[in-house]
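Here chain A shows up in two complexes: once beside chain B, once beside chain C.
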Partner chain A sequence: MNGRRISYFEASARMRLSGLVDAGSFSEFCPPEMRQTSPHLAQLGAPQAFDDGVVVGRASLAGHAVLIAAQEGRFIGGSVGEVHGAKICGLLDKAMVERPAAVLLLVDSGGVRLHEANAGLIAISEIMRAVLQVQAAGIPVFALVGGSCGAFGGMGIVTRLCAEVVMSEQGRLGLSGPEVIETVKGVEEFDSRDRALVWRITGGKLRRALGDATRLVDDLIPAFRAAAADLIERYQTHPLTPAHLDTLLDEQARLAARSERFASARDGLEIWQAAAFADASQVPELTVEEFNLQLGEPA
Partner chain B sequence: MTTKCWDTRARNRAERLARAASFTAGRIVSSEHIVALLEAVIEPGDRVCIEGNNQKQADFLARSLVKTDPARVRELHLVQSVLALPEHIDLIERGQVSLIDFSFSGPQANRLARLVESGKITIGAIHTYLELFARYFVDLTPRVALIAAQAADRDGNLYTGPNTEDTPAIVEATAFKGGIVIAQVNEIVDKLPRVDIPADWVNFVIQAPTPHYIEPLFTRDPALITEIQVLMGMIAIKGLYAEYGITRLNHGIGFDTAAIELLLPTYAADLGLKGKICTHWALNPHPTLIPAIEAGFVESVHSFGSEVGMERYTAARPDIFFVGQDGSMRSNRAFCQAAGHYACDLFIGSTLQIDLQGNSSTATKGRIAGFGGAPNMGADARGRRHASPAWLRAGREGRGNIAMPRGQKLVVQIVETFREHMQPTFVERLDAWDLAATANMELPPVMIYGEDLTHIITEEGIANLLMCTTPQEREQAIRGVAGYTPVGMARDLRMVANLRDRGIIRRPEDLGIRKRDATRDLLAARSIKDLVHISGGLYDPPKQFRNW
Partner chain C sequence: MSEHAVFDRLFGTAGHNVISEGQFLHGSAQLGNESITVIGTRDHAAIDGPLALRIADAILQAVSADATTHPAPRPILFIADTQGQALSRHDELLGLNGYFAHVARCVDLARRQGHRLLTLIHGEAVSGGFLAFGMLADRICALPDAQVRVMDLRAMARVTKISFERLEELADVSPVFAPGAENYWRMGGIHEIWSADDNWSERLAAALVSATETDDRAAIGLERGGRQLAAPTAQLVAVA
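Right, the complex of A and B next:
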């Protein structure tokens, strides 16, 4: 449709999923009609979802077989409970058998579901282990982050374990969310209601400038699809190989140096300045295309 | 034989100016003398206008007036379009005001209602803007006008900038009828970009310590537009704009009409309507109109006032907006109200309550909010004598085949059946009746009378009130689009079905609109930032609308 642009940020998990993969190629595992709901939420008398807030299944993307999970941020903040986590874990286990071209995690989550406490924490650690196992077997896992809940808590860690992190400007990535930091450390530490500050610190542009995200794309489902398809092609020609210890040590040294360099930074602006943007104060205004150009990436 | 004196007002003005001469030299007055100046030139019982527009406020002069001695500055008759600042009401509470005539009191509506109920103030009348401006030239001419401008030169010429608004109407009435004009300006410069008010209409100029306040009243964040509003926008575009070929129009402020503006470059363009609808506007520079302008939908926009952040954009689009040779926009509320009344074929806006006759009101008990400009936009212009296809068609539908051909303006209310807190929009009896009783008003404050209303759009569809032949049909047409409100539930199913068969009620599906297509993805911009990008960086939104 003329000028119709489908926002990834505003779409539901199922809309993202169906717009991302080849039309009609998706088949769902554990679909809602199986009603695999959370036993913990039932005990608490809390509302449940027949898919427990995550959609998992098999599809093709630009003709390549993929396994794919999409978290629904509108159901308890995309939080990971026991069933939710088991579905993602099961998907990753299946990758070891089916060997798809890639596993796609459409992350939209604040982390562990607090109602499910230990079961959720265990689920997150199982997902982390599974991601590493799948990638050790040469299958890349991509995290796509552009939903309203971002990728926080345990899902923030899972996201950084992935071989590629595709973000939009609207996407956010971090460990403790802004509200958590404010609650624990006080509003002087982080004013979670200052939306501009929250985005300058956790948003896609900062994460891309820091290298936590490997691609920055427009907030459009087709833009995420194009990036994912392009990455799959790249891993087809340059397969993922297990990292050598030296590479990992180098990466750790790089991160340690980064952490030290920006230890006193209070705002994303300071990091954009250091990242040699022509005018750091203008970075929030840049289009994705302009941003990527200034970062030295071909559009 | 005594000779009649014909220049008492001019002599009186000279006396007032003489009293001020001791601490003024020429027109420029230091801000520390402002209270003394006001006490010198204002006499008890004066009719005073403190320029309080929809947006721009002479706030420094209002604050200063509150500091004057109530023994000297008293029994004032305030005649101004908007009572927006707390100081306007403070002045009443201090007992310095005996009578007010105004148009709109939005932010102060509660305090004003309490003062009226306790008998501390008498309201002469609540007007529309155009009506009050008209009375400035008949029986409500101000004696002292306290106005606001962007800049003055050393001679006292004024530059208003894009927010010209009410200033020309106020100054013209005051300056030419023996009155005194005092202007607060943000800066005094050697050379003005242009002269909006000539110096010899102005008596005193004061540089205010802080720039005058301007309210960004017309900015609607696209992120807050709901899918129901998208649906209603699609209904308006396909069922009304396309149907009647609406090229000249005015939009109210609200998310419903913002949705229509954002659907023009997408949904309306897909329907092939570019160049056929929405080409000429009487409208403030709404940021949500940027995508339609950039897409080439819009040919002309004349504005009542400006909008904060739109200065560079309007200046860069002089083919579209009214822009001076200096390169900045000029607005004029009086002319734009006239344009909206006489030169537009359609008005569409939102409201809080609609009754079974189609009368609508934004009045609620305990608030005297007034009218603003909507009643002039939302009324048939009975003095209109030029024809247009849309106007003629509405006339045929409304008046039938009577001997004398005559058109009618399309006046549309676009509302959800329930507003916030699940309050039904459709009611048997308007709250305006209760307000009129408690505030001793002669007229219940009705924003748009049922006899002027031609269409109602809700998420349930369109009711075409023009084609209703009896009051009973009209009532059922209104009930028929009132959804699950008590008024809607009380509909006569058979009559409503009959109205639908005759095309008086049209559901989305009757118009070929699938409700599931009504998603936010149809909006040409979904955030303030999208608007900035679409404007090529020319739109500079105020801080409260930024999340970056």
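Right, the complex of A and C next:
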């Protein structure tokens, strides 16, 4: 297998991790040998995993210390249960002590694990509070989104709490998945089998055009690595300042303007048009490089 | 019980000035000699982008007002009554998750500025709507009628492909997935459930005193026996 060309989308969590950080630098906390599995899945007779679907540990990236979590989308949709969520919370607690250059969350999750829904929901709110705490302490958290499950449900909220969101075109980011909306509101509201539509509503190119993703990269592990390394360097020279009243008033105004400007929008084409792409209908065909060149200011 | 009847019990009929505009609630109230900001949702609101922005705006106004005019930041009481996030293609397109993240950042700012934060669940607290602000308070209280869940058991059975009967049977013994405020209490996700006979003013005053700005829910879940792995697992990672 040629490691340089390996698709981030198709890779497992562990492959993404090892390709992302400096070779041989990763050490795992609470590794599979410790068999910290979910008793709730066992009770329901569902398959378990020795890492409960998330790998957490310490590594270096371009020489900088990072703490890192990678969700495994192939295990129950990367869903967050009690153990899975607690591993991420523990990692964020650790960041408060170790003060790494950044915390990296390789998000690949549909959100709460329904088999242990209450534990998952509480865990996600704990992760939200922990991300906010870590960033208030000046440590940036980056979300990397390019897996097959995207970043949905509570993990979609967590992703948008992060100082930086790196996405590939294949990555998807939202709150309610298209299947959920179709089931509740009907196929005329959202046809979840229309893949092109789904990507125009949730995909990386849409999120980048709105500014919800701060980088759009190719679907390659080295491309994610390069973006993360570059961001770490940037935060070394321009440290994260905790959000204060003025920054949040600005964000409030920005989101209010978005709601007003796109009050009746139902398709990403309308956003791309507003982001001054010469021909919005051609945006899905653009390479990442072409897209980034043509994108002016996010809409 | 209407939210205004709840406010009457909490603050006395003359002790609150909370306005409802559609499904949004905001205003102030007086508890003893303490002035409280009230922000919330009503009528099982499905929280969409504009409603999320109203909540965020009210929090920012509270922070801003108390930064200049009040000697001590006033506590904020969140009233959560939500059926969850709004489900629409439009809201997803605009990135409703980002609107919720913005609300969460505003809640976090208020905490860092010294506002004590309380949530009172009245009616429903469901999934993403509960995550948006209610679950982020220092102390989370539920009224006796509160219904708390991610999803009802029938829908859960469809998604997990585990039979409804089996889920129902397990729901009796495990607090981990079945709807119910009591389950959340056992897991530390709700700090207190008030009874109909309680003096709600006194309970609110006591909750304000108990509110801590550190997240104590995993420890409480362990203590109450409903969430025995969260705290030890986080600890395993934190000390590794």
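Assume the second predicted complex is superposed on the first by the 291 of 299 C-alpha atoms of A that agree within 3 Å, B and C clash if a C-alpha of one lies under 4 Å from a C-alpha of the other, contacts with A are read in each partner's own complex, and residues count from 1 in each chain.
The rule we apply is simple: contacts are C-beta pairs under 8 Å (C-beta built on N, C-alpha and C of every residue); 3 or more make two chains touch, one makes a residue touch a chain.
A quick note: this is a predicted structure, and the numbers were derived from the prediction, not measured.
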Partner chain(s) touched by A:Phe29 [first = chain B, second = chain C, both, neither]: second
Which superposed partner A:Ile122 touches (first chain B, second chain C, both, neither): second
Touched partner set for A:Leu293, first chain B, second chain C, both or neither: neither
Contacts of A:Gly153 with chain B and chain C, given as first, second, both or neither: second
Which of chain B and chain C A:Asp267 touches, first, second, both or neither: second
First (chain B), second (chain C), both or neither touched by A:Pro284: first
Which of chain B and chain C A:Val187 touches, first, second, both or neither: neither
Partner chain in contact with A:Arg5 - chain B first, chain C second, else both or neither: first
Dominant contact partner of chain A by residue count, chain C or chain B: C
Chain B-facing residues of chain A, complex: 1-7, 10, 195-196, 199-200, 284-285, 287
Residues of chain B that touch chain A when the two form their complex: 265-266, 269-270, 295, 520-522, 524, 526, 532-533, 537, 546-548
In the complex, chain C residues that touch chain A: 49-50, 53, 56-57, 60, 63-64, 67, 85, 87-102, 104-106, 108-109, 112, 127-128, 130-132, 135-136, 149-151, 156, 159-160, 162, 166, 170, 174-178, 183-184, 187-189, 215, 217-218, 221, 227, 229-231, 233-238, 240
Footprint of chain C on chain A - complex, ascending: 29-30, 34, 36, 38-40, 43-46, 56, 82-83, 85-87, 89-91, 93-94, 97, 112, 114-126, 128-130, 132-133, 136, 151-154, 156-161, 173-176, 178, 180-181, 184-185, 189-190, 201-202, 206-207, 210, 212, 242-245, 248-249, 251-252, 255-256, 258-259, 262, 264-268, 271
